Amino acid sequence: MALILDLAVQGAQMLLVLLLAPLLTGLVRKVKAHLLRRQGPPLIQPYRDLIRLLRKEVVLADNASWLFRVIPYLAFAATWVAASLVPTFGTGLLFSWSADLIAIIALLGSARFALALAGMDVGTAFGGIGSSREVMIASLAEPAMLLIVFTMALVARSTQLSAVADLLATSEVGLRVSLGLALVGLIIVAIAENGRIPVDNPATHLELTMVHEAMVLEYSGRHLAMLELAAAVKLLLYLSLIGCIFAPWTLAEPDSSTASHFAGFGLYLAKLAVLGFLLAVFETAIAKMRVFRLPDFVGGALMLGLLGTLLLFVSRSL
Amino acid sequence: MSHGLTFDVAHLLAGGLVLVSFLMITQHRLYALLNAFALQAALLSLSVAWQAYVQHAPHLYITAFIALVFKAIVVPVGLHRIIQRLGIHREIETVIGSGTTMLVGMGLVALSMTVMLKVTPTADPLAREDLAFALSVVLLGLLMMVSRRNAVSQVVGFMSLENGLVLAAAGARGMPLVVEISVAFSVLIAFFVIGVFLFRIRERFDTVDVQALDRFRGERR
Amino acid sequence: MIISASTGVIAILLIPVAAAALFALLPGYRISSRLNVLASFLTFLASLSLFFGDHGGRGPYLFVDDLNIAFIVLNTFVGFTTSVFSASYIGHELETGRLTPAYLRFYHAMYQVMIGGMNLALTANNIGLMWVGIELATLTTVLMVGIYRTHEALEAAWKYFILGSVGIGLALFGTILVYMAALPVVGEGLSGMVWTVLVTQAAQFDPALINVAFIFLLLGYGTKVGLAPLHAWLPDAHAEGPTPISAVLSGLLLNVALYAVLRFKILLAANPGAIAPGPLMVTLGLVSLLFAAFMLYRRRDIKRLFAYSSIEHMGIITFAFGMGGPVANFAGLLHMAMHSLTKSGIFFAVGHVAQIKGTQRIADISGLTQTHPWLGWSLVIGVVAIAGLPPFGVFMSEFLVVSSTFAREPLLAIPLVLGILLALGALFQHLNGLAFGEPTGSKAPSEASYVPMVVHFGLVLIAGIYLPATLVAWFRNVAEILG
Amino acid sequence: MVLAALILSAALLAIVPIAIVTGRSSHGRIIVYGASLIFSAALMLIALASLFAPPSTISLPLGLPWLGAHFRLDALSAFFLAVVNLGGAAASLYAIGFGAHETAPIRVLPFYPAFLAGMGLVVLADDAFSFLVSWEFMSLTSWALVMAHHRVADNARAGYIYLIMASAGTAALILTFGLLAGPDGGYSFAQMRAAHSEYAAAVLILALLGAGSKAGLVPLHVWLPLAHPAAPSHVSALMSGVMTKVAVYGFVRIAFDLAGEPAWWWSVVVLALAGITAVMGVLYALMQRDLKRLLAYSTVENIGIVFIGLGLALAFKAHGMAQAAALALTAGLLHVFNHSLFKSLLFFGAGAVLNSTGERDMERLGGLIHRMPQTAFVFLLGCTAISALPPLNGFVSEWLTFQAILLSPQLPSWGLKLIVPAVGALLALSAALAAACFVRAFGVTFLGRARAPAAGRASETDRVSLTAMGILAALCLVAGIVPGFFMDLLAPAVGSLVGQRLPAQTGADWLSIVPIAESRSSYNGLLVFLFMVISGTLAASVIHRLASDKLRRAPPWDCGYPDASPATQYTADSFAQPIRRVFGTVVFRAREHVEMPPAGDTRPARWRVELHDLAWDVLYAPLASGVSIAADRLNHLQFLTIRQFLSLVFAALVILLLVLALWL
């Protein structure tokens, strides 16, 4: 019975992230539109886009290689697997032990690696710009993320996400400076990784400011759909990560009742909504940065992470 | 005769050698240098003979004889010839001024005295004196070799150095092979002289200035 | 009979003299060069008989003990191989007209005289006789160095001659002083110069006197060893003389002079009151090593290059003996043997190279491994070996010297290692140009025989991997003697 | 066991004369490489067999007379022997195909088996002398291989610098062993273990100099990026993938086995060097245009990662935390194994590219994925692995290293508390940069369009080479999916060095690895791999069935103005530009020079970037100039007159007499 429930939870989780992701994107767009005094597209617009793209035929560049066609599925798969391991509404996912936080980050890294390669495959100038900027940002964001993970892992004495969540849920942790630093850092990283303003503008097609969009410039049809979906899932992943680490009280215990799971689900939706709203507000409030100011921004996250870790190392001994 | 007398005579002769060495250091003209050297050689043969007499070592008389004939007569004459041929009898070719040379020489003599007289308390006094003077003669000879530019005076310097050696050898009571050694050295000196001579005859080197011999220094090609 | 020594000793002294007399009369150079090989081989056999047979008696003039037998065998062996090399070398010199048959006659006679002189110095039990032997060898080499009659050759010979004679003088003075020191103890007469007598009585000598004596001997014979700052004659003599002579100089004469220094070191060590000779030798050794290491960089003449490397290695050996102790002495002996073999082998190679390319300028020789694989790679092997890299014998000795020194006197090991590394850098800098890169100059194959060269390097290689037990036992025994 | 290993090494050496004889003939290649393949494969099997066997020793009457040559095959040496000969076997197989293009086989064939034998003997040696002989023999043979193409001036220089650095390292090791052996010369490792040297500090520093110079620790790395690319590619693979590991072995043997109990500050030194090495190495790699040089620099980075593991292990061992030490050491050694796999693979790929295009300069490559698809595929696997991305093996060892770092807050000493997090940051940074570096390497070399005609004419490499690369790639994948198996192979070696071993991993359910405790951390390569495959294929199949699977080829879109010329692609330099802007100005004192001709001038505008290797500028250049100045000064002594030489003698005499007169 328990096993079946676990399986159900895990499966639900995997579908959930898939289904919710476009909605979250739609929500953010909608809120931004409203803040800009625009009507904005309906919430379900992303779903429509995806379906339309899926139906279209793929227009492939002449000199695109087999790699170019594989990568969308690869990137999608990596992101999806990563996302399905982050607790959304309930901890104790069946396979959560198969990959800890470090592995989740590394999975996202694989997705990015594949994307960056795709950007260079056709051999256009824009693809190159996108890839090179992407890896530059990632080369700062990824270590920052790892250090943030260190901070949490040191607090929780574990890199298992569910364990971290469990421990943070209990009140014994209390407020810690390093966790605060980690939160700020995590938010910066989330913005950078998802290519949101001020790092990158997902809506732009103004050539010289593109990063993510430049990489996927040559994609069309179902391939593009896969990548869009992967991007959405990634955003969802980060938001639910923030949610489950810094507001873990809503997560349903593994052995708790189905009802509590549903409660957890509702609360999870609320969390997402709030975070998405905040993101939209932040994005409208701030302007995009020049590419070469990004290192200061993302490097800030790196410093915060290092500081948090250092504090923990030192305070352990006191 | 008394021990004192033997001692005084030996002392006198050896000291004379050192004095002549000083004389040679200060000489600027080659002829004078040669004469001084001949004098030294004569003194050497005298002192060696005296040693032979004192030690009742007849073979030393041979050494004395060699010194007299070869060094006091043959070599100086030969060198005279060379100088005439080269026409360098007027050259004054010291590296450092005679005054400094003198001072350095004084220092060297003092050094050899301290070293020798300090270190040989057990040896019999005659030998000590001999050794001390011999060492000073050797050092002075070396000094002359390094303070003179031209080959002839270097030969002379080497010969006075060797005089010191013979003096020491003779002074060493009952030392074997002294004769052989003095002969060997005479051969060496012959080499020297012939060498200088050869270089001149064969027009290999334009002058016997040692610097000219150094003109093709190793790798400067 | 005053010379009470075994027939072997007589042989190694008489064969060269007789051969020399013979060559002086023989007109044809071919026959005499072959006879030269033969005579050297016989001498080598005689020395072997000494090694394996009894060491013979200990007369007041000649004797053989564990220490000098090592040198004798090594000398006669290298003398033999060198004669083989020179047989194939000299012919070419005659063709190119650098030498005339008359000079060749002289050359072969002198070669044997030199061998005889060195053997005399080695077997002498009488410090005076030893002195005579070394001077004999020196004078003959002086004549050989000047044999080409070029400006450079004559200058080199002249330089060698003057510096050598001064060395002779100093060494003699030292010898006299030793006799004086022995006089009160041993008494007048011959026995005062017999080494075996001296070493037994050395304890009672007046320490101060033999201190002075040792200084003179160290400088006098050190001039022959080529220790800086007394080295000046060495590079030019090596560079300007015929290559076989360079090989003999590096391989043998330096060792003989060093042997003399060692004899007196033992004498000093036997006297409690005397200053320890160690520090002096260590200092001179380090100075020579570092000085030569730096000098290697700017060499333009290939033979002068390896001459400086000889100075460097003599420095290492002197250092090792100065350190003393069983390990260091063992290393010193081993290093000496290995250096003789390797360096003479290198000079064989260099001789062939110089004959093929018609020049000694390093800049004009390159790409040897391309044009003459055997010769080029042998040169590479030789340099690798002489630079003290495994698996060659020099590495073993350097390993022992460095590690034992570092364990005892860490501060002394630093300059030692630095010097070795500097020398290695310089050698390979030149080797890069010589053996590799675009070939220049004549590509004509050389008809000379590479056998001696290959034999030497083969021996060094074997020694680096495996030392026969007997050899080791006897090396250690000698190391004990050296104290 | 050890006897068999020695016999096989001797057999490898026995190939040398055969190689000299048959070197010039066409089938000599097959004979030599085939034989090396067989022997090194056999050696690898022996090593694997003796991983869990008790140590077996043997001593031969060779080498140092009164010592003899001792050889020992224990768990540690067995592991490294396995790594060495795995690499050796792969390289030999690859070379059977690759060597066909060798221009001067006679300069390669004889030294190749000797090189293999040398590396094996270093690992087997059990006394200082045979260790050093094998060590330097290894250096010499590899030097000869670097000089194989000696007519290229750069190679000659590379060989020179390599030999100097190698000899300096050997000298440092001689001193190390001199200290460990003590005055009475106990040169066998057994005696060293027994005796405890009081100069532990000096021992560690010297060992770091000696082994580090061979492994390529910054700032001793300068020779590595010159020498490794200069050799033929299969040799480069051996030097980078295997020889550096032998150096690691040397350090492990000395620091963990011979030097006795470590002091806590040792690890501070090691960690600091290692962290710097990791980041510097990858940054240098990012700036390279020469593919093989890029790979060489990335070797420097990975050596840094290995040494981070070793440093942590030292720290834990010094504080008696055996469990943690075991974890850290396992991480380090596992990375040794992994790196030997993918670095060899990458060098093979580079060699294949070099053969079919004649180019090492990435700016003249591109689009090779179309011309040589198989090579591209295995090379891609290698890039993914070295970028530490799941589910391949590079990720596993770095993951373990991270786990070890996360254990370190328990360390009491403050120096470590401050340095370990910093090192963690450096490790994370280097991992991310490595990904960037290899996106660049693969993207510029294999993707896009051909930047030079040679790249356009390239053709797929031969089957044999492909097989060799395929095997390594497969191993990379396997080691990433079931790492527990390989970690268990390491257990005995680790246990013998730190006294404790990790819990057996193969027992864990679903083949996941659990270094300490389930609650703490676990990783399951198999599941991650399966999930990715399933979800990817699922998505693909669903879409193809339910939605469209139509496809149309068209010219690239490129924002509406596509350009036919490949020159408009991003170049390697331009790809690295953002990262160079971020890090380069500090690390390399990078300068960009743009010369823009005035209007109307027809000259093309020029852009040039100028990088400095700090280690070179700060350390080596002054050293070299100092030596040459000293040489010049002293050289005057060659040109004195006889009189001046005489005065030298005179001065020496007088001085000595004065000393005597004053002392007595």
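Residue numbering begins at 1 within each chain, and the chains themselves are lettered A, B, C and D in the order written.
The definition used in the following text is that a contact is a pair of C-beta atoms (placed from the backbone, for glycine too) under 8 Å apart; a residue touches a chain by one contact, two chains touch by 3 or more.
Given the structure is predicted, the values throughout are model-derived calculations rather than measurements.
A.B. asks: Considering only mean CA positions as chain centres, point out the chain farthest from chain C.
C.D. replies: A
A.B. asks: Which chain pair has the highest count of C-beta pairs that touch?
C.D. replies: Max contact pairs: A-D.
A.B. asks: Counting only Cα atoms for the centres, state how far chain B is from chain C in Å.
C.D. replies: Once rounded, the distance between the two centres reads 31 Å.
A.B. asks: Could you put a whole-Å number on the gap between the CA centroids of chain A and chain D?
C.D. replies: So the centroids are 35 Å from each other.
A.B. asks: Taking the mean of the CA coordinates per chain, how far is chain A from chain C in Å?
C.D. replies: Computed value for the inter-centroid distance: 78 Å.
A.B. asks: Just give me the whole-number Å value for how far the CA centre of chain C lies from that of chain D.
C.D. replies: 44
A.B. asks: Which chain A residues touch at least two other chains?
C.D. replies: none
A.B. asks: Two-or-more-chain contact residues of chain D, please, as numbers and ranges.
C.D. replies: Residues 638, 640, 642, 646, 649, 653, 657, 660, 664.
A.B. asks: Enumerate the residues of chain C that touch no fewer than two other chains.
C.D. replies: Expected reply: 158-159, 162, 166, 208, 211-212, 235.
A.B. asks: Check the chains against each other and report every pair that touches.
C.D. replies: Contacting pairs: A-D, B-C, B-D, C-D.
A.B. asks: Please output the residues of chain D touching chain B within their complex, sorted ascending.
C.D. replies: 638-643, 646-647, 649-650, 653-654, 657-658, 660-661, 664
A.B. asks: Given the complex with chain B, which residues does chain C contribute to the contact?
C.D. replies: Per the touch definition, chain C meets chain B at residues 128-129, 132, 135, 139, 151-152, 154-155, 158-159, 161-162, 165-166, 168-169, 172-173, 176-177, 179-180, 183-184, 188-190, 192-193, 206, 208-209, 211-212, 235-236, 239, 299-301, 304, 361.
A.B. asks: Flag every residue of chain D that touches chain A in the complex, lowest number first.
C.D. replies: Contact set of chain D toward chain A: 366-367, 369-370, 373, 376, 380, 384, 387-390, 395, 399, 402-403, 405-406, 408-410, 412, 414, 417-418, 420-422, 424-425, 428-429, 431-433, 435-436, 439-440, 442-444, 447-449, 510, 512, 518-524, 527-528, 531-533, 535-537, 539-540, 543, 547-559, 562-563, 566, 568-570, 574-579, 581-582.
A.B. asks: In the complex, go through chain D and note every residue touching chain C.
C.D. replies: The contact residues of chain D facing chain C are 61-66, 107, 128-129, 132-133, 136-137, 140, 147, 150-151, 153, 156, 159-160, 163-164, 167-168, 171, 174-175, 177-179, 181-183, 185, 187, 202, 627-628, 630-632, 634-635, 637-638, 640, 642, 645-646, 648-649, 651-653, 656-657, 660, 663-664.
A.B. asks: Show me the residue ranges of chain A that touch chain D in the complex, using the header's touch definition.
C.D. replies: 54-67, 73-74, 76-78, 80-81, 84, 95, 97-100, 102-103, 106-107, 109-110, 112-113, 116-117, 119-129, 131-133, 135-136, 138-143, 146-147, 150, 153-154, 157-160, 163, 205, 207, 217-218, 221-222, 225-226, 291-292, 295, 302, 305-306, 309-310, 312-314, 316-317
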